[in-house]
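So that you can tell them apart, the chains are marked A, B, C and D in the order they are listed, and the count of residues begins at 1 in each.
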Amino acid sequence: MRAVDGVSLRVARGETLGLVGESGCGKTTTGRAIMGLVASTGGSIRFDGQEIRGLSRNDMRGVRRRMQYVFQDPYSSLNPMLSVGDAIAEPLRIHGLYDEMGGDRWIAQLFDMVGLSSSVAHRRPREFSGGQKQRIGIARALSLKPGLLILDEPVASLDVSIQAQIVNLLQDLQRELSLAYLFIAHDLSVVKHISDRVAVMYLGRIVEEAGKSDLYAAPTHPYTQALLSAVPVVDAATQGRGPRIVLQGEIPNPSAPPSGCHFHPRCFRATERCSVEAPAFGLVAGTRTEAACHHPGPGP
Amino acid sequence: MQQTADRTVAGQSADPVLSIRSLSVTFVGSGKPIPAVRGVDLDVFENEVLGIVGESGSGKSVTALAAAGLLPGSARIEGSIVLAGRNVVTADADDLRRMRGQDIGVVFQDPSTTLNPLLPVGRQIVEGEVAHGRLAPVAGHARAVELLREVDIADPENRARQFPFQFSGGMRQRAVIAMAMAGRPKVIIADEPTTALDVTVQAQVLALLALRQKETGAAVVLITHDLGVVAEVAHRVAVMYGGRIVETGAVRDIFAHPRHPYTAALLRSAPRIDVTGDRLDPIPGQPPTPTDMPAGCAFHPRCAVSAGRERCRTEAPPLRPVGAQIAACHFAEETTVASAGIPASARTPL
Amino acid sequence: MIGSLEAATHIAARVAARPAALAALVFLGALTLLATFAGALGLDPLEQDIVRMLEGPSRDYPFGTDELGRDILARVIFGARTSLATAAGAVLLAAAIGVPIGLVAGFFGGWRDAVLMRVVDLLLALPGIMMALALIAVLGRSQAAALVAVGITGVPTFARVARAQVLSLRRRDFVTAVEAFGATSSYSMFRTILPNSWSPILTQMVVLSSVAILLEAALSFLGVGIPPPTPSWGEMLRTGKEYLHDAPTFAVLPGLALTLTILAFDTLGRALSTVLEGRDTVVPARGNQP
Amino acid sequence: MIGFVIRRLLHLIPVLIAASALIFFMMYAVPGGPVAVLVGENATPEQIAEATRQFGLDKPVVLQYVEWLWRALNGDLGVSLHSRVPVLQLIGERLPATLQLAATATVIGLALGIPMALVSALAQGSWLDRVLSGWSALALGVPTFWVGILLILLFAVELRLLPAASTYVPFWEAPWQMLRATILPALTLGLYVSGIFARFLRGSLIAELNADYVRTARSKGLTEGAIVARHVMRNAMLPFVTIVGIMLAGFIGGAVVTEAVFTYPGLGRLVIQAISSRDYPLIQGSILVILAIYILINLLVDVLYVYIDPRIDFG
């Protein structure tokens, strides 16, 4: 099965690229393929200018030091048998860098960076709340001083009031450590908040990518437009809301995507051509937005 | 779903169809008793959507399941829940069963597990009606087709004969809505009905739920953690925290002028797609767990207003009218529009 | 690992809090002590009192005597030694072979999984006793053969438990996380997956102890297990059955000892399963029907 | 449907081939090899040469296996070394007795086990549940050969109601006599398996009773009885069918001990005799037949699954 098909992404140093989409769009697979956790069958992944696809196990180990992953579910991403201090130190120990990186002092510093006291280091993960566990997961990802963090839905399983804490923490860390983020999420509001640029995925392909303000203010791909319009907004309570694009049907099975443009069966602008020819990804005339659509343009 | 800005709070003058008084629910098991709901008063009127919002552990789902009489045997329930003139708490199993379907219907969170995988969907939809003798078994299929058509399922004739695994997530949830409405109940409890769905499908299902509510005039109790969903669908809202209602009133009033510091903080902390801002304003600390509830006002350890105030730490605030709504805060008057509202200039058009 | 002792004490306390499990623990503890120090008690399972054959219980012989005038009580106690030692050896053997098979199959998947699990399924296809009998036919009759035969029948169970555990753990993010840090396969397998797998394996070891004791006794009952004159419960039942008319207690009392031991392991296994895994529906996975 | 069965059967061919190879080559693992088995340890060189030629042991091993397999597929499992009777005929004589005992025991097990599981699961945690759970632990824990001995002691020795040794009487010839002759071994196995059935079904019933769709059914106002009958039972039956199949298959050839206690003329005792007399063609033949039956029962379970679970289609 082809979960991700011809995806191109760029993340610059110190920048956040948001990757959004609904279930089955391949956003998590994309993140894992970059980490080499799932095998990719073609294309190129360059990190700091170096091609990392097809690297030997040993060389990949070196790359993994500089790029780390933060998981969605803080309950399942920490080994229940390890104390949280050991969990944070585990990447260092695997790479044999524990002492070189500063040992206990560095671990204490990591706890401090994510807003926890290092006096809790001996405790087991089950003694922590979801938000605290996610902080521990972030500290663990930072232990090897990576340049890029791949954040896979890092706040999706947290309560609303805790989400904001983690989002703020991530923004602070990015500023202090000039980290690059690939922020994978389904929640368009969170992505809007944290990203510099945003890419939208649908059934394994990127359909639109632009700077944050362009994408949210003037989406050109019909799917992006529908997606943005579907998000329930708080202001509806006081201001009412404008017309909404309600898409017909549901997301098709990713293992048997529709022909041509994968979105055409649900699209309000689809023509004959869309069902036959897959649109190329490129700059939309008169905008700074890139999209893969035969009929890009402002919403209906 | 299009809504006019002018939404009236419906039916307030009539008698409520569902009336909850001093409801407490404690789960007793092998460990410490868990007080999940600690004194809730709530009225639901016909032809309205009441949203109950709260974070995990706030007691919102337990309150709603108590109203449907669906709590497990380990729950100790105190207070009264009067549904269509009968008390659910004291009703015996037979009475309770007769109320289901015609007085109350339920839509659950995860449509992938709420349907029996081994039975055809159509049969499951009308099963309750047949069991109550309100529908002849031979008329079952025709009625199921009709109900599926009402929830916009294409080809209902064949779909009724299919099994849940042949339905997509959104279709299953439509089928569950059809099932909950099969007996034309006066109250429908919808417990996080769209949480498990994708956002484009959520929009479809919410629109359908609102439409069917309007067509039937039923009361809908919508439980959710998503303020946006409440804002778009509900007429009135009850905000729960630590097993209690901390604020309730018309959606418009509460979202424009929250009076409880928790409501205000919640509105400020959520990242919003319709607002451009640099920094979120989180609520410090964690939501309390039922076994470890702070004394006095449950929100005081996280509250800016309570800082240095003895009263918040010792005395639980009662619900009282503040402005257009009802709030449970000793200092509700201090929670102002400025501290909660979003400046209009920050709004971006969609 | 800090706190393992603490964890073990905690688990032991929770198991012991269940009355049936506590009784089982006490019984098995006492039986082990008796079996260990049987010689020191002055009991002799081989001494023949030829004038007093096939007697019922008496002051001299509380369990009576067998057809050669030997003390049945002494033979039951020494039989416990045979039974417990064989079962322990068999379970350890089964775990030592089965767990690595399951780990490798589950961890690497692909052809290794397909081949290993096909073999395991094949082993499962034969009733346990049938397989043990076939092995003894090849190995010849000895105590070691009985141990190996019983052990091999337990291999598929451990392989399946270990494989299922690996598969469920591999879906958990903390195992993926270790891979993402750049750990080797052996690190994820032995440092991350194995330490998190001990509870179902331990539970299975206790449950399978009851199956192993039963199977060993069944083999001896059929006359192909532990060779005489080594006392074994199964062998005693086999002989006792011939004298049901004259000395009913001869067959009944060793059977009681066997039954109580099996029930004790079963009870303990279920209690462990409830405490460690939160469910108590352990059905001995290997059909042991004699 | 027929296509489904054929496809499943085709999948089973490699399993049977592997199993038969295992069984065949087992003989070569015996100290002294197959010749020693055939002629005994004290044979003269002439006898050895004669046996080697007669049984084709001078040919390459793989060829021997292929020939054996080919003959087996044609219904020729060789001749018993001990009695010089064709193996298939010996098995044919014992198979009906074993099938009848296995079926009777399974029926007893189901008749006891299903009601016990239902009562236990519906009154979970009550004293009745504890009593029944204790009873099922006892039923599956107590060795069948001890139960058999106790039953003989009670019904044959003390009460003199039933024979201590059971015989095979076909049910359709003399049902009453068959019952008299088979009731004790059938009861022994039936009691044992009722414990397994009850414990397993109780577990899956409780799991199903906690499923979301049961809460949905309650929210529709169904009675608990209707919920159990229409929703829970069917779902709980899925894993249960597998267990029943495994146990039934286990009784074919696996009831060795019980057959020995009651000297019942079944397949199990045939195997025991074969093993103790090192009658290798008979061992190989009977194990092959037992495996084949096991595989057939598994196929039957798969077919039942298709009827219960709409998610599995014939494709």
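In the analysis below, a contact is a pair of C-beta atoms (placed from the backbone, for glycine too) under 8 Å apart; a residue touches a chain by one contact, two chains touch by 3 or more.
As the structure is a prediction and not an experimental result, all values here were calculated from the model.
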**Message:** Hop distance check: subunit B to subunit C, minimum number of steps through touching chains?
**Reply:** 2
**Request:** Would you mind naming the chains that touch subunit A and likewise touch subunit B?
**Result:** none
**Request:** Name the chain whose C-alpha centroid is most distant from the C-alpha centroid of subunit A.
**Result:** D
**Message:** So using the touch definition from the top, which pair is joined by more C-beta contacts, A-C or B-D?
**Reply:** B-D
**Separation of subunit A from subunit C, taking each centre as the mean of its C-alpha atoms, in whole Å** = 50
**Asked** So what's the Cα centroid distance for subunit A and subunit D, whole Å?
**Response** 54
**Message:** Distance between subunit C and subunit D based on Cα centroids, please, to the nearest Å.
**Reply:** 22
**Fill in**
Among line, ring, star, complete and other, the chain touch graph is ring
**Fill in**
Inter-chain touches occur between A-B, A-C, B-D, C-D
**Touching residues on subunit A, where the partner in the complex is subunit C** = 35, 37, 60-62, 64-65, 68-69, 71-73, 76-81, 83, 90-91, 94-95, 122, 124, 140, 144
**Fill in**
Residue positions on subunit B within touch of subunit A in the complex are 1-5, 55-56, 168-171, 198-204, 206-207, 225-233, 251-252, 254-256, 265-267, 269-274, 276-277, 279-284, 286-287, 302, 342, 347-350
**Request:** Please give the residue numbers of subunit C that touch subunit A in the complex, ascending.
**Result:** 1-3, 172-174, 176-183, 187, 192, 195-196
**subunit D residues within the subunit B interface of the complex** = 211-213, 215-224, 226, 230-231, 234-235, 308-311
**Asked** Once bound in the complex, which stretches of subunit B touch subunit D?
**Response** 68, 70, 93, 97-101, 104-106, 108, 110, 113-119, 124, 127-128, 131-132, 163, 165, 176, 179-180, 183
